[in-house]
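Please find the structures below.
Look at the two complexes coming up: chain A is in both, with chain B in one and chain C in the other.
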Partner chain A sequence: MLLPLLRIELYKIFRRPRTYISFGAIAAIVWLVQIALKFDGPAYIDLLLNNIKESFLINADLKHKILNGYLICFVILNTILIQMPLLVALVAGDSIAGEANMGTLRLSMTKPIGRTQYILVKFLASVIYTVMLLVWMALLALFGSMLIFGTNDLIVMRSDSIEQMRAYDVVWRYLAAFCYAAVALSAVAALAFLLSVLAENSIGPIIATMSIIIVFTILSEMNIPIYDETVKPWLFTTHMVAWKGFFYVKTDAEGVTIDGSIQNLPAIFRSLSILLGYIILFAGTATWIFRKKDILS
Partner chain B sequence: MQANRIFFSNHYLFRSSFVHSFTDPYFQMNHNLLKVSHLTKQFGEIKAVDDLSFSMDKGFIYGFLGQNGAGKSTTIRMLLDLIRPDEGSIEIFGMELKKHRNEIMRQVGAIIERPDLYKYLSAWEHLKMFATMSGIKYKRAQLMEQLALVGLAERAHSKVKTYSQGMKQRLGIAIALVHDPALVILDEPTNGLDPQGIADMRNLILSLCHEKGKTVLVSSHLLSEVELIADSMLIIDRGRKLVEGKVNELFDPSEHLCELITSDNATAIEKIRSSALGVYLKEEREEAILLKAPKEQVPLLVKQLVEMDIPVLSLHTRHSLEDYFLSLTTKRDAASSVKN
Partner chain C sequence: MKTIYIIFLTLFITGKGFSQSADEAIKKVKARLEKVNDYQAVGKMKTNVIFIKAPIANIKVYYKRPDKLRINNEQGISFVPKGSVNINLNNVFLNTEGFDIIDMGKEAKSGFRIIKLLPRDENSDVVLSTLHIDEVNGLVMRARTTTRDNGTYELQMSYGRYADFGLADKVILEFNTKEYKLPKGVTFDYDDGSKKPPTDKMNNKKGKVEIVYTSYTINKGVSDSVFK
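Right after this comes the complex of A and B.
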């Protein structure tokens, strides 16, 4: 029964015009970045390498090599992954609350479906939607940029170093980063989903999810020692950006990049397990509440 | 309109080919189809349903009456496991709802208040979706036939947002009946319908019961509607049961219900009970005494009351279910107002 129900939920999600707003928004951002960098890429590279231009000789050919599809994708990921929680919350926050608001929740709940089964399917559908958004983004941002700008070594600027990955060592990192982002955004979906169970219209859970993420992100970004040790390590927003870890590489004694290496893999796994913990916590709590909830809508 | 007539005609109504639940062993036996015991539900300070017990036999139309806010919808939602009772138990088809929810729901179809639907989906999509959710295997032709029967075949692929209230109600019924349930629960099914729609709904309910053998629980505050279709009825007020029984026993058109108010009801009751009039005594209440007597006996009854020195202030006779209902409920309101 789980699969037919999941098909129904996905069908409902993808028959709603609202669903495609997110896909449209992603396409718009990706295309705008690609168009801008296609026409004004060298100026962007100048800006990017501003701090090191006195130490290195950067000619037009090098700029052209740096400005490749992989870098464009990295730029887009940095931009879009901040906005993605809103797009995920649009559907996950609406999942139960929207049905309650429309009055269709009570109709569905008169059918021979267990509440745990129903909520599990709803959550799975939200996660699948999230993954599909990421796949869409990957298609446009990674493969689209590869087609438009070509491929070359990826240069990633950090505050204290420059990371360089060879062209053949990049694609798997993106795939890993997208998989990680799927887990991170699933944590957002789980939060929106939990709030959705508590509400009877979808605006509340969507706004509440975004408010929580904004507050947590501000806390994550603040450099206050007491928060650094006590609060920050446990905020899920702190770990949502850990996908960047796949683009931080190890170097040998001579400072040469080691292909296929990741600088701090245990930190990525730790972040991943914290995000999975949040997903289980949020989805589990949502299930527990929904099982006991009176459906009054 | 033509399509409506086809839908509600007695011969074609939901000629379903799905496996019918009446083959189940339960239906071979003769016991309560639904049994509610001491059901209680409280929302904060408000007791929506208070120690409510009743039962239903199979193959009847059961009217569930009460004024707005009486607790009908809360009770129905508890019967459908949408609301969990604080106390009490519900047995449907001889099984406890708490333990056998899905098994029971496979044989129950319901509309609660109004059929709220997915505006961006069509009737066809709805029916397909809810047939799957009901766990039945269907063929395209079967569902199309059902849509034709509710008069929606031509609009099967139009989005629900383009439907009228009546069309939505008919689609709601098709969804409730898509899995051929043995028990149909309709909460205020005539809400928002025009007079023709109300008449069609009445015919549908009668057909479901008398031709398809289904048991129907229909709640309404439109007492005149229930009076026309129900075999049995339950009247509740403020979550408590006022009366339950067969309509022809509770209300016999040949008998009148006499509401007697005296200056000393307690003494009057004593006198009536110890006299031959005791057989007419229906109900004793603080504010009035209800006597039930054949129409031709009413003048004699009045004469005897006077002869017994009962200080009669007023005696009203009533003969419709609605009057009976109002006499049960509004007087309670009046009594509480006086007390307050």
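Right after this comes the complex of A and C.
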């Protein structure tokens, strides 16, 4: 019963032209970043390596090597994964509230399906849409950049250090990062979905989701001790960037990186479990509210 | 009066002896280095800088007389310190006339002769070079170069199969670095709770690069295009 329902929900999502706005937006951002870095990449690298150029030889050859497909993908992920919650909220926030707004929710409930089944299928469809967005992004950002810029070692510039991974040690990290990002964005989808259950039109949940994410992201990025110890560890936005943990490498006693290693894998699992907790909390609450809700529209 | 005369004479002779030793030591080193017109060496480079986490790199080092030197990582990426051009001392020894030589005597522990080289050219980037020379074998074991703009570089050399050419099997280069910082608003780092190196370690502005050579191809010609 679940599968035909899911197929119908996916059909509904992918029949709407606005669904493809997200795919178009991702393609536009990816291509804009790729074009910008193709023509002005060395200046970007210059900016990032500005304060080590007095100690190291930063020549055109080095900049060209650093500016490879793996780095471009990292830059794109850094840019897009902050904007992507909006694209996810566009569909997840509309999921129940959109039906209520159109007056089709009551009609759907007259069919011989349980409310729990119905809402879980709706949520699953939002998650599948999120995953498809990520797959689309992976195709353009990772494989597209690899084709345009070629491959080499990946250099990740952090605020106080530079991480280097060998070319053969990168692709699995991206696969892991994309899987993690799918969970992180599913948490956003779950939040938008919960708000969608509470609303009668889709604009409210979409704007509310984005507002929550903006406030939480600002809190996550602020370095204020009172928030660092109390609020930050529990904000889901703090853990949404944990995909980067796959690009932080362990070193041996002499400071040489260990291939295939992750600096702090337990921390990534901790972040992952917090996000899964949020997904269960949001989706569970949405289900509980929906089961008890008077559906009048 | 006689005693004073003897003391002066002794000092004069000893001093002359010192400078002769310095000249001889330099001549001996120079004789080895002059055998090399160019080389292409294969090796591994280990970078130990507090803010760089890098793997061991497979590198090729190209040298051509008088002072062209290039370190290439043919497969991957390597951050090569600016002072690496000093890993070959030929540019100093092939132009000893450009320096005033000061003999500082012998190092007590190792017995290596310590020689200071002061460039005569006032505009030279090198302000002072201090060499520790193994007189018996005619090899430079340690060198410390202070530059006008790029701080101080220290070199430590170990020799083996290519000692006849004055070429080291292992070179350790220590150099000054500046603090590396990028705004967190640009990097959006993930705080995974990993312990940061202690502040005093982060303030250690010394970097180290270790090159272990596996082979040299000497005097077989190196194209100028490599150095572009």
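Rule of thumb we're sticking to: the second predicted complex is superposed on the first by the 297 of 297 C-alpha atoms of A that agree within 3 Å, B and C clash if a C-alpha of one lies under 4 Å from a C-alpha of the other, contacts with A are read in each partner's own complex, and residues count from 1 in each chain.
Here is the rule we use: contacts are C-beta pairs under 8 Å (C-beta built on N, C-alpha and C of every residue); 3 or more make two chains touch, one makes a residue touch a chain.
Not measured: the values here are computed from a predicted model.
Enquirer: Between chain B and chain C, whom does A:A199 touch in the aligned arrangement: first, second, both, or neither?
Expert: It touches nothing on chain B or chain C.
Enquirer: Applying the document's definition of touching, compare chain B and chain C: which contacts more of chain A?
Expert: Of chain B and chain C, C contacts more residues of chain A.
Enquirer: A:I268 in the overlay: touching chain B, chain C, both, or neither? Say first, second, both or neither.
Expert: The answer is second: A:I268 touches chain C but not chain B.
Enquirer: After the superposition on A, what does A:Y11 contact: first (chain B), second (chain C), both or neither?
Expert: So A:Y11 only meets chain B here.
Enquirer: Answer with first, second, both or neither: which of chain B and chain C does A:N51 touch in the superposed model?
Expert: second
Enquirer: So, does A:E163 touch the first partner chain B, the second partner chain C, both, or neither?
Expert: So A:E163 only meets chain C here.
Enquirer: Quick one: classify A:A283 as touching chain B (first), chain C (second), both or neither.
Expert: neither
Enquirer: Taking the contacts chain A makes with chain B in one complex and with chain C in the other, which residues are shared?
Expert: After superposing on chain A, no chain A residue contacts both chain B and chain C.
Enquirer: Can you check the complex and tell me which residues of chain A touch chain B?
Expert: Answer in residue numbers: 1, 4-5, 8, 11-12, 15-17, 102-104, 106-114, 292, 294-296.
Enquirer: Chain A touches which residues of chain B in the complex?
Expert: Residues of chain B touching chain A: 77, 80-84, 101-103, 105-106, 108-110, 112, 114-121, 125, 129-130, 132-135, 172, 175.
Enquirer: Hey, which residues of chain C end up touching chain A in the complex?
Expert: Touching chain A from chain C are residues 46-56, 75-77, 79-82, 84, 150, 175-194, 196, 202, 207.
Enquirer: Touching residues of chain A toward chain C in the complex: what are they?
Expert: 48, 51-52, 54-57, 62, 65-66, 78, 82, 152-153, 155, 157-167, 221, 223, 238, 241-245, 248-249, 251, 254-257, 259, 263-264, 267-268, 271
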